[in-house]
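Chain lettering (A, B, C and D) follows the sequence in which the chains are written, and residue indices restart at 1 in each chain.
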Amino acid sequence: MVKIAILGGTGYTALELIKILLRHPAAEIVAVTSRQEGTPLIAETHPSLTKRLDLRLEPFDADRLLARGVQCAFGCLPHGASMSALSQLLERGVRVIDLSADYRLRDPNLYAQWYGESHHDLVNLAQAVYGVPEIYGDEMPTAQLIANPGCYPQTAILGLAPLVAGKHIEPTGIIVDSKSGVSGAGRTPKLNTHFPECNENVAAYNVGQHRHTPEMEQALGDVAGEPVEIIFTPHLIPMDRGIFTTIYAQPRRTFSESELLELYRTYYAQAPFVRVVKHLPGTKDTWGSNFVDITLRVVRGRIVVLACEDNLIRGASGVAVQNFNRMFGLDEKTALW
Amino acid sequence: MVKIAILGGTGYTALELIKILLRHPAAEIVAVTSRQEGTPLIAETHPSLTKRLDLRLEPFDADRLLARGVQCAFGCLPHGASMSALSQLLERGVRVIDLSADYRLRDPNLYAQWYGESHHDLVNLAQAVYGVPEIYGDEMPTAQLIANPGCYPQTAILGLAPLVAGKHIEPTGIIVDSKSGVSGAGRTPKLNTHFPECNENVAAYNVGQHRHTPEMEQALGDVAGEPVEIIFTPHLIPMDRGIFTTIYAQPRRTFSESELLELYRTYYAQAPFVRVVKHLPGTKDTWGSNFVDITLRVVRGRIVVLACEDNLIRGASGVAVQNFNRMFGLDEKTALW
Amino acid sequence: MVKIAILGGTGYTALELIKILLRHPAAEIVAVTSRQEGTPLIAETHPSLTKRLDLRLEPFDADRLLARGVQCAFGCLPHGASMSALSQLLERGVRVIDLSADYRLRDPNLYAQWYGESHHDLVNLAQAVYGVPEIYGDEMPTAQLIANPGCYPQTAILGLAPLVAGKHIEPTGIIVDSKSGVSGAGRTPKLNTHFPECNENVAAYNVGQHRHTPEMEQALGDVAGEPVEIIFTPHLIPMDRGIFTTIYAQPRRTFSESELLELYRTYYAQAPFVRVVKHLPGTKDTWGSNFVDITLRVVRGRIVVLACEDNLIRGASGVAVQNFNRMFGLDEKTALW
Amino acid sequence: MVKIAILGGTGYTALELIKILLRHPAAEIVAVTSRQEGTPLIAETHPSLTKRLDLRLEPFDADRLLARGVQCAFGCLPHGASMSALSQLLERGVRVIDLSADYRLRDPNLYAQWYGESHHDLVNLAQAVYGVPEIYGDEMPTAQLIANPGCYPQTAILGLAPLVAGKHIEPTGIIVDSKSGVSGAGRTPKLNTHFPECNENVAAYNVGQHRHTPEMEQALGDVAGEPVEIIFTPHLIPMDRGIFTTIYAQPRRTFSESELLELYRTYYAQAPFVRVVKHLPGTKDTWGSNFVDITLRVVRGRIVVLACEDNLIRGASGVAVQNFNRMFGLDEKTALW
């Protein structure tokens, strides 16, 4: 039984994480932290946990967590705040899966450029493993720190990896057009996530400027062995959860659709959570699950990749548990099937 | 052409009001006020008004509005703030339709009890006409101040008026169970109107404590000529607009459904915006319109009234224009058909 | 490991049942039947089961199921068809949990009256246990046939049981006003469940005529020891899943809210899936779970009970597994926590 | 007063058309046809028209329509059926605006290829004007037949016209990624538009095979004076109405965003219903209106055009009235502002 702390327990990713871990036979949640005043019962913040998790939210205190026997911490804090807290646990030997963006970009200059502040935990940044298990999974059993990936990047990375791995497409001008449910924006009320504003509405946001872009480029560059350039447009869709990503790439030679499906099936033969399908999938097929569903089409010589996932599960808390399972030598499907 | 000012232009009721008035052949919007800093173009706050209304939001200033020739003001301000601003216009002879709750309850003690602060414009309160045109419409041509009714009360009042007018039901223990779209909660982001909280969710709120209760009782008491007691439960529904109200009343004698429909058709024979229908209506039938659709059923001796409307139009801005039309001697359907 | 067959595998309740049973440590799905032509892979009908359940839909054949070792069948067939198939399994000794309405009403005359055809399996009807485990749970370990309850009735029955058990309320004139997500209408496309018709819409349907009414009255009559009369109005809400029920009852003496909460907590002290809460719950609190959340308010002397559940889980497939667990002597929470 | 017939009155575009025409000072609806049995009141099919349009649905009969003085017919029939009916009116001298696809593609071979049947009204096809008023508007005053454009094509055509007109982009490999509300799929219930299937879901459909593709290419080819090639991917979004289209094009030289906005503002200087905006628009900004909102961004050297509209108004019934206004020499904004 691995004793677990969750840092930053009031948001949606923490809630999903808790629900998954409550079904996990080898994990025990012993602490959930929050900056909320007092030490309210977690069920007061998340009524759906009533009768299920009888813990109080408590302020973060690294030594107290250690005294409670915490072996693994999941970070659900905002970027910046995340590295401040997690570095204290890392230096005390706790293993960490960070759901923030703090340890995702290897190059601290990229971090400064996209997040607008300089990175202040370079030592741990250097040892972080980027948490897409289908690509970096072999490094996880020995990792102390896994940087859980962003929700959008996983659809783009898994959707493109077989193509860039084989250098089958031009590495520049790749278009990633994503459609996301609103839970991806977090739990803090804002005007653009106010129900009467975003319901019955579709809009693009952060066109060409979304912080998940360099993540996609870094991981795909690793797979490709050469720089990869992404043009990324996210859109907000009036639904709770789900990301649908449509990718357009220029192949270097002619491909048939069946050839592409075969290429993907082979590439993901060992990946239980990637489903290469022939039909056109929808986000609802992956709803509540850790799967990414992928198919491909060829349109006028271009390759169109269609990939979807549940942004809260596969895009955040599910893949975090998949990473946890790999980190601790468990079957990666545990609690996720 | 009546020159119009709209006070408090940033919310949903103001936006709907502007859209209706832009189609009105006898109304001209000359000013829209707001407490927003600077004097931004209204299209910056409401992008849907781009190219349609070329005005800037301006701070409220009674004399300046008068100098601009304003003859009628629509108040879209929060309660409390509303009477402070509108009293200045009323004393300058401007006619006013107030969409806030400030002038709805004749008894200032009821106001103090339900709104938690004492009323500070008793003079104008005494002359206000409650703005359900099907009931108080005859007083409107001479009124200087119309208190536009709440969204929920209109479904309850119009749904029950023919029954209480004829003393056909017990005046106590009347159950009003309402279901409302989220736009009724206004445009200020809060946790309970945050998309991922209220989407895919139904919940009751303010059970037995909603401020629209005394409005219903006052108007129905007027119609009945005796006190009427309402048990009111509002619910939040994951849709933009629409109110559906289900009412349960104990008849004093046996009624058939056709008898009830006939009673209602007669009562509303002169009311263009009340549709007494035989089928079970849905809020979508009234969407974007100023209609209230009503039908009735008898279940085990109880009368069940089903009434619905568009909460932003009939429930607020549409009925405000209907009241405006009556106030200024125009066909009450103008701009609303 | 109990070998399980699911009859009628193409609808939503079958899909949810399969997902729950895939996580069940003591259940193995060995067959899923359907009248679909050919024997398509179940993943072709339910893409979300791709890679998860490698079975083909097959025509119903009682002997073949027996030969495969089926010990328990879950019926997800339409009423009428259900008793035809299940009676064949019952006579072969298979234990059955029927999610249709066929065995819910003890009185075959009531069945004929509400379902418009006469019952043709009176022998099994006589031995069926009505499947609300909090009330009839003690009969389940020895039952061969459990009639899984309707979605609406569970909120009404569990919401009223403590009150009628103690004869605290008048047994007539009880108003049950329910709001349901659209999945409750099943998977067959119809105009009233066509997205552009029911999205952004609320409407009542089958007012006073819904077939779940006699179920509520039968179970509550059992609890009360006297006849109970329900006035039931269901409404369709634009969301996938969730039922919210608002109940109005006339108490026989004065109650305080805390007294009522205490009464309910005591009554449900041994019921893991009933959560008596102080706050106003929403359907989303129960989403994806087997919980029913209940609270109470007193408004002008009336008792208002507010109860909600996930209609596909607690309202159908979750309670079916809870009943299965009790039937086979397992912890009733298995696979449901 | 132009006397109008609407052919095929049971769908969503007919309903919207009726609502717009009821506000039109120069149009009078004298007949609405349908293949429905009997001659039901139109309010039985569209309850929202209760009290608003007192007509019965009648079978199509060209001579009877002529006898009623019909001068203009709007066709809301399925393709194929549309040309059969409309050709009868055209030969009788009635002017026609066809909302089906029958007269959109000038090349009957293209029609046969994309619609799977040969065209059987070549004479009228040869004289049809494609109904994007911002491009073909000058031909409308003398046209007898306007082929109202598809919903998707208008966002693509108006979104790209200024770029292809100036030969500023490569005419091949243009990516058009569209997101549409469900009303675009019509009113016939199908599994993929069944609420519990498409709610909380995003999926692509007809990837590279949607029939609107050749329409886009034909109109843009006209504007460009050279062939234009589109890669088109439509997606279904869980909302009633709205289309958001994201377009990716390769410029032939470097452009700044302000240069592009200026180019578009100049191109659309005379177009009241095209709003070139600086902010990122959402479909809700255009909801219920005849506007198309367009903005542009430059991302890594690519031009990204973002265009949105209300698919039922601008995408169908609104632009049909705009075309009607131009056909009959009226201000094109009549009834649409």
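Going forward, contacts are C-beta pairs under 8 Å (C-beta built on N, C-alpha and C of every residue); 3 or more make two chains touch, one makes a residue touch a chain.
These figures come from a predicted structure and were not determined experimentally.
Chemist: Looking only at C-beta pairs that count as contacts, which pair of chains has more of them, A-D or B-D?
Modeler: By number of C-beta pairs in contact, A-D is the larger.
Chemist: Which chain has its C-alpha centre farthest away from the C-alpha centre of chain A?
Modeler: Of all the other chains, the one whose centre lies farthest from chain A is B.
Chemist: Please report how many Å separate the Cα centroid of chain A from that of chain B, as a whole number.
Modeler: Inter-chain centre distance comes to 46 Å.
Chemist: Can you check how far apart chain B and chain D are, centre to centre, with Cα atoms defining each centre and the answer in Å?
Modeler: Chain centroid spacing, chain B to chain D, equals 36 Å.
Chemist: Roughly how far is chain A from chain D, centre to centre by C-alpha average, rounded to an integer in Å?
Modeler: 40
Chemist: Give me the residues of chain A that touch two or more other chains.
Modeler: Within chain A, the residues that touch at least two other chains are 181, 197, 199-200, 238-241, 281-282, 284, 287.
Chemist: Show me the residue ranges of chain B that touch chain C in the complex, using the header's touch definition.
Modeler: 173, 175, 177, 179, 181, 197, 199-205, 207-208, 229, 231-233, 235, 237-242, 244, 246, 248, 250, 280-284, 287, 297-300, 302, 304, 306, 308
Chemist: Please output the residues of chain A touching chain C within their complex, sorted ascending.
Modeler: Residues in contact with chain C: 22-23, 47-48, 50-52, 200, 272, 275, 277, 279, 281-282, 284-289, 291, 293, 337.
Chemist: What residues on chain D touch chain C, complex-wise?
Modeler: Listed in rising order, the residues of chain D that touch chain C are 12, 181-183, 185, 187-191, 193-200, 238-241.
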